[in-house]
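These notes concern the structure reproduced below.
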Amino acid sequence: MDAIPTTALTPDSGHASVRADLLGRMRGASGPYLAGVAVCGMIVAWALFAWGYQIVNGFGSTGVRRPVYWGFYIVNFVFWIGISHAGTLISAILRLTGAEWRKPVTRAAEAITVFCLMIGGLFPLIHISRPWFFYWMLPYPNERLLWPNFRSPLFWDLTAILTYLSGSVIYLYLPLIPDLAELANHSKGAKRRIYRALSLGWTGSDRQWQALERSMKLMAVVILAIAVSVHSVVAYDFSMSVMPTWHNTIFAPYFVVGAIFSGIAALVLVMAALRKMMGLERYLREVHFVNLSKLLLLMSLIWGYFTFSEHLTTWYGNLPSEIRVFQIREHGLFGMLFWTMVACNFVIPFVLLGISKLRSIPTIAVSSAAVLVGMWLERFLIVVPTLSTPPLAAAWGSYAPSWIELSITAGTFAAMVLLYLLFVKAFPIIAIWEYDDGVRAR
Amino acid sequence: MKGRPAARAVRLEPASAARLSCTSLWGEFLVSLAMLSALLLLVVQTASASEQPIGFSHTAHIEKASMQCTDCHEGATSRDSAGLPSIRKCMLCHQFIATDLPEVVRLSEYWERKHEVPWERIYGFAKTAAVQFRHAPHARAEIACSQCHGDVASMTVAVKAVTHTMGSCIQCHRDNSATDDCLACHF
Amino acid sequence: MAEQTTQQAEQGAERTPQWAMAIDLDRCTGCEACVVACASENNVPTAGEDQAAMGRTKHWIRIDRYYEGEFPDIKVKYRPVMCQQCDEAPCEPVCPVNATYQNAEGLNVQIYNRCIGTRYCANNCPYTVRFFNWFAPEWAAPLNLQLNPDVSIRPAGVMEKCTFCAHKIKRAKLDADAEGRELADGDAQPACVQSCPAEAMVFGDMSDADSKVAKQLGSGRSGQLLESLGTKPRVFYLEKAD
Amino acid sequence: MDRRNFVKLVGTASGGAVTGACGRQAEEIIPLLVPEESVPVGAEQWHPSVCGECSAACGTLARVMASEREIEVDGELVRQKIAAVKKLEGNPLDPVSGGRLCARGHASLQSLYNPDRLRGPLKRVGPRASGQFEAVSWDDAIAEAARALTGVDPDRILFLARAREGVRAENIARFLDAIGTPPATSIGVGDFAAEREASERVFGRSGLPLYEIQDSTLVLSIGADFLGGWTSPVLYSRRYGHMRQGRRELRGRLIHAESRFSLTAWNADRWLPVWPGGELALALAIGHVLLSEQIADAPASVVSIFADVDLEQAAAASGVPVEAIRQTASELAQASAPVVVAGASMVRQNSADAVAAAAALNWLLGCVGKPGGVTPPTEPLEALARQPGFSGDWSERLEQAAVVLVDGVNPAYNAPASQSALAGAETVISFSPFLDDTSAFADLILPDHDPLEQALLEVPAVSPSPSFAAAGEFVAPLYDSRPTATVLSELAEAAERPFEEITVEEAVSTLHSAVESAGSGTSASDFEAKVFQDGGWQGQPSRKPPATPGALGTFEIASKQAGVVFQAYESPQFGSGSGANRPWLQELPDPTSSALWGLPVELDPATAARLGLVNGDNVRIRSEHGALEAPVYVNPAAIPGVVSMALGQGHASYGRYASGRGANPMVVVGAAHDERTGCPAMGPTPISIEKIAGGARLVQFSRQDRDLPPHRV
């Protein structure tokens, strides 16, 4: 893995100039930037309003109904938790395998994780109809002598996501420390004090460097395990049930694969956007995209394999309750979505990334966008068709989201962009010291 | 508990709660938090202590007139709810007795308007708690009125002497080996 | 469950009834009297046309009907379906706050005020017999005068379902207790059983071999809905005998 | 998101503080009135009552508990403690209900507590059927009604009432005697005119025969949907249950012949789909085949009607293949205890003949008066024999009537053709507690109490033994309504006519003397106390000498109509339409289509395919009488070419739950009637169908008609 040539870096990228360049990009705000923040902020505010409306007027203001008791919120939940695997998992894998080319990429990836978890973790709260009693899911001693149900996958979810969130915040934070110290050196007044405080007294001594390296390595290992477990647990929400096609042994690895898959796609999109908007062509070079696209293609193949296996076994098994879901999902209304998903997740990446002549930053970005659409559809096609076709045919039903779910869904995408826009102005999006390291290594 | 099949042990038995509580710092923190809020609640409740439309004295009726609780709260031992007496019942006596007392004068004002006295409830469960309390079985189990209502006999205007929380209900049920099935009260 | 209870009875321990229902499909006419009786007994609100169009009605008990064959050799297969009160209920383990559980008498209990509304239980119920309160229920006055004070009105955002008329069981027990006697077979009758004109439904303690329901279960026609899922329902269907 | 909701949303942010500080709930601030008598809180009482929904007159028990309502007294909002009915159940002592109750019976509670009940007497101010009324006092209303009654020729006064035997009917009869008017008539809904006429001919007795299906081994039902409605659905459901599984080692079988896959057809072992109007041909054909398998000594007059039947022709007219007829007849012949249930759940132009021919089959089977057979009608209770009979010329009389009094029936809905007569009458007086289709035409509405608010004594249409159901008063009336008997007596007084109202108590003591003469040995007061405690009385099954058939007349088989025909039917939940204002029934899935809050037009799959129709498409159905628009339900069990629609929806006026919802099938059916009795027919009517865009939606509880094939196709 470490055979990746570092020649990708420009020869003239000296330490001082890189630092000045990256720090410089954090200052000031252009018109389009401010407009972006404003638009995203408005969409987020609208989504918050929609949420408030839902709480006040009753959960019935969503489109969820019998028998489809779960809708867009759970789809979004799985989707965002899936994307969150971008950061930690990718950066941890690359860090552990010592892939040098990772260095300009890791910070962007880790930030995705934290933001996605924040957003994804909000969905269970939005999804329950009495969110003011959310704390009943926490195990705390109380006079009523009541405990949460430790057997419930939703409780596992809560545990897993809180663990993952805290883990990935630390994992994002650790490599930020040297940069924060650097930032503190370059800023004045209150800003300086804040950065100073956040840098936890970083002086850059050898001992500190060693401690940082060690803890990052440790966190990389820990976070890898957590990440895999988190998405397995998310999969267990479905596979622990008795519902046809949900009760499935393949779901845990399938979800983990899907998560990494969508995570890489999200990372590529974010990188492409950063490169374009912040003018980071110097740092995020084609080689990064190409390398990530190879990973993406690999995941696409694995995803295709899992999907094939899942459908083959269901079809071949021919269990009455499962085959109905199978039929409803592959034909008619859901069928259109299904084949769109296959095109997005498999055909497009396979063609655009598999044929080396077609492989370029724009095509890689297009494939990534397709994968995100496809993976969102995948989750939708897992949640809704099964629920709309329960074992007793008399109870079959349908689902369509209301403006509330659409607003909140749009709001979460806006929130993601907003958080990122704010992040790139507060912290260097490329880890200066790591990049430095890379350059020095050369 | 004797009658419970062993299979139920898998379900969360609140017994484990006692063991777990207060064993950690986290627990202690929460307990102190709970105590603090209980204190706050008490202050708030005392501050907004109810004012009854008529200063009905329980002592006067029980001690002096030697009445029984069930003379007015007729259902207390036999029905679901104890019930508040209708003004009709008050007037059976107060048409003749103590008619010049200011509180009785106020009572007869209500009577003349053909209105019941708008007594303020001091015990009861929030509707959202979905509690179905039945007086009769508690009376059959010989739970004294005072256990849940305090020593009303010594009160003038009844005040909330006992705070009814799920914790207090459960505690009493356990002390008396009564059921701790949620369905016993919530349905 | 049943075995253990029998053991207890032998040991002279206090008897815990094991509630069960048998529905004779050979008697059931599909008249839906049970459906209205249930709504009347349990304060089940109507949803109105718009909500009904979305599939948000509440029918704690319903008649599932399927046509079979083609005209003129057409048949209809139907059965009343309510909460099956499973011994191995899929709805129970998934609730993160223990708002639903099985009690010692085999009732699958839903505690309304504990519910936080994840709706996981409803998803995981293979019989789709759990109903959610999308909004706070409303009754145009004076329809509210009909409401049964023995049954709590469910607030918005909680799950509800057939309780086997737990409040009527409770009432029967308290009445028996007040009269100082044992609960007799037939004392506790859910509203659906009470109403059934064809007397197709029987309810009682299946651990009592002399009870009507225990006898029905031994009739040889007895089966359970989606038996292969292993949910072990307490509702038994006596299949049509033709 | 409207302004109100926005305010609500904003309000919640600060709302906590407001309610927290307030302390006292709004309901506690409104003063509570001292009740007339104290109703203990948290204690239940059970009072017997009588269900008023259909002719079965089931004895019920009402669960009464303390409740509270808010009312305005002298402009002040006050709370009032009242005894409220919480639930209705069957009365276990009642021979008809036996402690059971049907969906309609349970939902009759929503008639008592219907939010659209009239609060007091109303006088019309706008044009007829405009729904514009003003409140008037009872004194003014009665004075005005009396003026209208005294100002016209008594023969031009028409009283339309329900065909129910009991104290109410007796009082109506006495009132009409007092003002010198011909007897009241029902309008052909729920009066079983065809069955009664047939019974006169076949059993020589008036009334309705009782079918002892609980002891039968084979039941053939021709035209009688006895499980979905008809004369006594609870009684026959109980008996059906017993027939199937109530006997050791003996399971009775059911064959059902009807032009619709009704609830009884659901339950049948075999359904014989009869072309609408072909029931007579089928009965004759079965009888003809039975003759060749002669099994009983049947009266010659009965044998003669079956002798000359052309089997092929009859089979063609009925739409049932000869083979199926032969098989059914031979099964009947071989059965140890067969019975033929004869009815006209859907009245045809030849219904009285069809019922007579079908009922006469019981003579061939030798099961008249036998266990498991048919019990001919018993003599009615003499004291209360005067029920409003159905007279076939009611619609002509309505045309000529100057004053129309309407009690308990809804001609404007059930016979839309009568609307012009109602609009043209000088005075229309309604006793309806609701502003329904007919009372919308009224000049005066004098709302009756709800059945649960008044003392009642009703005689069931059929009962295992002579019986009546009775109820005292147990809840105070909610509104300023008055029992119709009281109003009639006040009307008579105002019109200065001699009228003596018979109260329920008086009726009970009159009946006591009848019982006493049979030697029961109870005192009058004991009898009365027991009647009101038990909710009625039942005597011993009468042991009358066996009935003999009267003159049966001649029977003609009409050939099957060509083309697509339409028929209306009484739905199990709405009856003839009166159930439509009960939200429970609106949200009760229609058994056939699973429809909620609306009823579709039911088409067979072939016709639907030909017209390119799927569930939920809207159609316009047109006959020479009228047209309706409704969504379509493709009924897999519909007879090809027979379009059915249930009665229930399509009320122009009937409160918030029913008004303006769906279509009334009677508009298309038109004014055809049974030729012998004049009873309005419910089809078959030739129609044309046309698909239209838009229209009403079909809301279904379950959208799956079939349990899907278990394996991949």
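Letters A, B, C and D mark the chains as written, and numbering starts fresh at 1 in each.
Methods note: a residue touches a chain if its C-beta (ideal position, glycine included) is under 8 Å from a C-beta of that chain, and two chains touch if they have at least 3 such contacts.
Source: prediction; values computed, not measured.
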- Message: With centres defined from CA atoms, tell me which chain sits nearest the overall protein centre.
- Response: C
- Task: Decide which interface, A-C or A-D, involves more C-beta pairs in contact, and give its chain pair.
- Result: A-C
- Query: Cα centroid separation between chain A and chain D, in whole Å?
  - Reply: 63
- Task: Could you put a whole-Å number on the gap between the CA centroids of chain A and chain C?
- Result: 43
- Task: Determine the centre-to-centre distance between chain B and chain C, using the mean Cα coordinates as centres, and give it in whole Å.
- Result: 33
- For the pair chain B and chain D, the C-alpha centroid-to-centroid distance in angstrom is 50
- Note on the structure: Residue ranges of chain C touching at least 2 other chains are 57, 62, 64-66, 98, 114, 149
- Note on the structure: Going by residue number, chain B touches two or more other chains at 12, 80
- Indicate the residues of chain A shared as contacts by at least two other chains. 57, 146-147, 149, 393-395, 397
- Message: Tell me the shape of the graph of touching chains, choosing from line, ring, star, complete and other.
- Response: complete
- So in the complex, which bits of chain D are touching chain A? 1, 5, 8-9, 12, 702-704, 706-708, 710-713
- In their shared complex, chain A is touched by residues of chain B numbered 12, 14, 16-18, 20-22, 26-27, 30-31, 34, 165-167, 170
- Note on the structure: chain B partner, complex, touching residues on chain D are 21, 23-24, 28-29, 31-35, 38, 40-43, 78, 81
- Complex interface listing, chain A residues touching chain D: 49, 52-53, 55-57, 315, 318, 320, 323-324, 326-327, 393-397
- Which residues of chain D touch chain C in their complex? 42, 65, 67, 69-70, 82, 84-90, 99-103, 105-107, 109-110, 113-115, 227-228, 233-234, 237-238, 240-242, 244-245, 251, 261, 263, 266-267, 269, 271, 273, 478, 572-573, 583-589, 591, 594, 596-598, 604-605, 636-640, 656, 661, 697, 699, 701-702, 704-707
